[in-house]
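Data first, discussion second: the structure below is written as structure tokens.
Labels run A, B, C and D following the written order; every chain starts at residue 1.
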Amino acid sequence: MKDSVAAVNTFKNQHINRARLLINCPDQPGIVAAVSQFLFENGANIIESNQYTTDPEGGNFFLRIEFECTDLKEKTTALQHEFIPIAEKFLMDYAFTNVATIKKMAIFVSKEPHCLQELLWEWQSGDLMAEISLVISNHEDARTFVESLGIPFYYIPANREIREQAEKRQLQLLAEYDVDFIVLARYMQILTPQFVTAHPKRIINIHHSFLPAFVGANPYERAYERGVKLIGATSHYVTNDLDEGPIIEQSTKRVNHRDRVDDLKKIGRAIERNVLARAVKWHIEDRVIVHRNKTIVF
Amino acid sequence: MKDSVAAVNTFKNQHINRARLLINCPDQPGIVAAVSQFLFENGANIIESNQYTTDPEGGNFFLRIEFECTDLKEKTTALQHEFIPIAEKFLMDYAFTNVATIKKMAIFVSKEPHCLQELLWEWQSGDLMAEISLVISNHEDARTFVESLGIPFYYIPANREIREQAEKRQLQLLAEYDVDFIVLARYMQILTPQFVTAHPKRIINIHHSFLPAFVGANPYERAYERGVKLIGATSHYVTNDLDEGPIIEQSTKRVNHRDRVDDLKKIGRAIERNVLARAVKWHIEDRVIVHRNKTIVF
Amino acid sequence: MKDSVAAVNTFKNQHINRARLLINCPDQPGIVAAVSQFLFENGANIIESNQYTTDPEGGNFFLRIEFECTDLKEKTTALQHEFIPIAEKFLMDYAFTNVATIKKMAIFVSKEPHCLQELLWEWQSGDLMAEISLVISNHEDARTFVESLGIPFYYIPANREIREQAEKRQLQLLAEYDVDFIVLARYMQILTPQFVTAHPKRIINIHHSFLPAFVGANPYERAYERGVKLIGATSHYVTNDLDEGPIIEQSTKRVNHRDRVDDLKKIGRAIERNVLARAVKWHIEDRVIVHRNKTIVF
Amino acid sequence: MKDSVAAVNTFKNQHINRARLLINCPDQPGIVAAVSQFLFENGANIIESNQYTTDPEGGNFFLRIEFECTDLKEKTTALQHEFIPIAEKFLMDYAFTNVATIKKMAIFVSKEPHCLQELLWEWQSGDLMAEISLVISNHEDARTFVESLGIPFYYIPANREIREQAEKRQLQLLAEYDVDFIVLARYMQILTPQFVTAHPKRIINIHHSFLPAFVGANPYERAYERGVKLIGATSHYVTNDLDEGPIIEQSTKRVNHRDRVDDLKKIGRAIERNVLARAVKWHIEDRVIVHRNKTIVF
């Protein structure tokens, strides 16, 4: 706990003048010129810049710029105000985020702890720069571990019958802790459409197969039955189409005929935790942009 | 051509006393003892041995032994004769193959040449130890390349309407050249159930997705639509369940949002040719055993 | 802690009749026949068998057999006794190990906790089937975490000046806990030749580069300077030739020009912990055989 | 041949208005604003843009912009002229390149053909967008294959004794064909310092190890001796420090104790050809920037 708080504070101090600008608009000439001229005139130095056009003729344009700006805190309001005419001219969807404003995340977990552990571990070692506001589980198993790190743990029983009641309590807590996004770290309950709709592009799930293979339940059992030579995992934003949300990250590992279902699950756990951790970090750094049902990862 | 013929002859001379024994039987104690005692008494030295039991209690047992035996040619008949009582005792399915007996393969191809090229290249460099008896295509494109290597090329038009007529001619050629197995190196025609049934476990296909994802047509287009972060390819034995045959080998590669369908195809070509070449080599070396709808790859 | 103890007990019960036989001898015909006949006559059923010959003509032969044998405990002495004539005939180095006899390991660590954490985590989840007898460190940092899992932690200051004194205390503890092997999980102290010589093939180290590149100190700094596009890690048995011991496992990951030394270290940590965990598991399962300065990993 | 010429022509037509601007200068605020404003005012639309700063405070700044500009051919002189004041203001090293101006490459090869074949194959299939002006070899082996594709082949004997004489002839040919860069596709002769110095950042080599491991001769033999579990290959620009030039690309593959030197070479060939092909393509697309002894690959 101490380490992670210290790491967060160091990070905040180091990035007090660092901000990001994310832009999504119809492609046309002059966007980069206008934005970079704006940043230059406001004394900002571009640190990293990524852009992507779905189609040079009439497509969508996406831009993510990370910049340093002396006295950022004092200038933020002015920056945002002065950007309005540019945004209007180019019909931009856009957002400024201060890098030192740490995002608050909630983790939902059921019985299998490996994804939760990976996230907490990365967080402890200062490699996952978020505030873990709370952990919610429909089982008590993870309580000791979570609380030993000073993180609030809430046990909320959940199943098909009491789903709405459970979600009511969950939503209360999410509001109370002012959470920015939710990570389903092997949370084995379906969320209601209302819950999902209320958190667009803000719920990250880990699915234990290389989607779209083995959509649905028991992917490792089915992978074993099919005799695949690779198993994988997929992290995606949750939408109301089950296992069909925008994919953020995937990975696979080689298996062979000797690997039984239990071996596949064991191998799979290592893939799942890596894939989910990468997806969460990219989300935290505002690197993932959802466009239709796909992601752009800068 | 010269190189590959020389490589084959060198290989045959080096392996004149090398054979393989493949066994599939119900598991029970004593199998390895009986087989290894038999080989020892017949003056054979085990070079490589692989075994696998689906279940130690009442499962299937698979064994692949490669051995050296002085004067193998003279002893082969005796070896096979003397093995009969062991095979009967343990209810074995089994086969002896002489390593110096080079398998004869036919390659079927349509317009895309990369898988054909990879196989011919590996063959030329002496890395694929088979006789490429003939290439059959429903397009003329590959003729010059194939014939320049001294390999017979047959153009047999094929489509839904003339399928049976085309297959009649194909079967004639396969019989004429006494072919052992067939490789579909991006052959874009469906084979009839009769054709497939006549060549059980002897037709190897390359499918341009990491099955079971994107079963069916246009996998790269669908991969692009779905926004996957990995694309892959699968080599499998052909059965009459389309894209459902036993998987021999698979591989994936990372892609990103910048890769359009054409890029996916380009990246995919490299995966396809590697995956198919590995599957074909393992088949040639009798390393692939089909058990139900899965493979054991020793 | 509870989980890992329960997992160990379950494992022991499941494997009470499971043993391994490891053999190393000059290659000659008849070894497998003799060994498998011996096992069969003693009512043992072969579960897994791996063999390797360095050279079919006059080389070394290595065999690892895992077998099930009813009433193994009662039969062990007889089995070992009856095997003596076979071992003598074939001039074998050999060892029987009972799978249910869990190995005892000591972990040495300095300040960086990630390799220690990975091992403890795998152990907790029942994926690393050893007894972690104690953790020894020249820093106090890991104490809380280690002791929270019920594992004894010993702080033994160590540096060049007090090396022998530190090792004296370490050796005392290793003897006291009757430890089978030692894992250096980023232990940043050199061991004396006496210490190393006293534990042949029983000290496993993780080196933070893909040896033999960047032998010695500060590999990530030097990897950054050299501008490599891959970084890696290597797990090896410790010998008195620094970083020159037999390699057990290696892995690499892709990096690019944006990755500074700190990023390389972060990426490297993930490689190190995976590579070390695999090496330790293989050692525990008696899969690693040292032959001259190389390993055979079955 | 026909295919590759057709592919080149199609590519040129499609990219007639496409250019790249590469910039290297001291980092300071306003560079991107100035450059993008310049491009916008000249009617250019940015297609892809990559930038990198070695250090936000006082470091080097690198920029690669690919842009579309109607009537590029007519405007090129004006563009270059108008850019001069910007370049001077920011102390830029810079270059404009027209994408439709295809680079001319020479390939040097000795006996092993696999890297040459991979390059020619990629070229034939339209995936390597260069003109292969000539192939130079100190052996006759590749002549038939190279000439069958319509590419001039020159046999120039070379060894330590006649090195300067050989290079004189090579330099003559390179001048005659007006070659842009040279690929050493397993050319097993050392080049003189004069030759290398005359082609800075314009000779690409493939080294058959994951440098800096196994610098020098016989890397596969030494990898076998050391018992590594990964082998690799490295493509780098040639400098007069043997095997020490800036690394462009590397890759590794897993091997095991069963792989003898010949197997390592076979596995290595697949790595070498992939690594070299990627490095050459990136060079062709002006994606590789040498900074001190390292590369930035955009």
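Simple rule for what comes next: a residue touches a chain if its C-beta (ideal position, glycine included) is under 8 Å from a C-beta of that chain, and two chains touch if they have at least 3 such contacts.
Per UniProt, the chains are A, B, C, D = Formyltetrahydrofolate deformylase.
These numbers come from a predicted model, not from an experiment.
Centroid analysis (C-alpha atoms only) places D farthest from subunit C. Comparing chain pairs B-D and A-D, the larger number of C-beta contacts belongs to A-D.
Averaged C-alpha coordinates give centres for subunit C and subunit D that are 43 Å from one another.
Our note on geometry: subunit A versus subunit D, Cα centroid distance of 37 Å, whole angstroms. Within subunit A, contacts with two or more other chains are made by no residue at all.
Residues of subunit D that touch subunit C in their complex: 52, 210-214, 226-230, 232, 246-252, 256-258, 293-297. Subunit C contributes residues 27, 29-30, 32-33, 36-37, 39-41, 43-49, 51, 53, 56, 68 to its touches with subunit B in the complex. Subunit C contributes residues 113-114, 117, 121, 125, 127, 148, 266, 269-270, 274 to its touches with subunit A in the complex.
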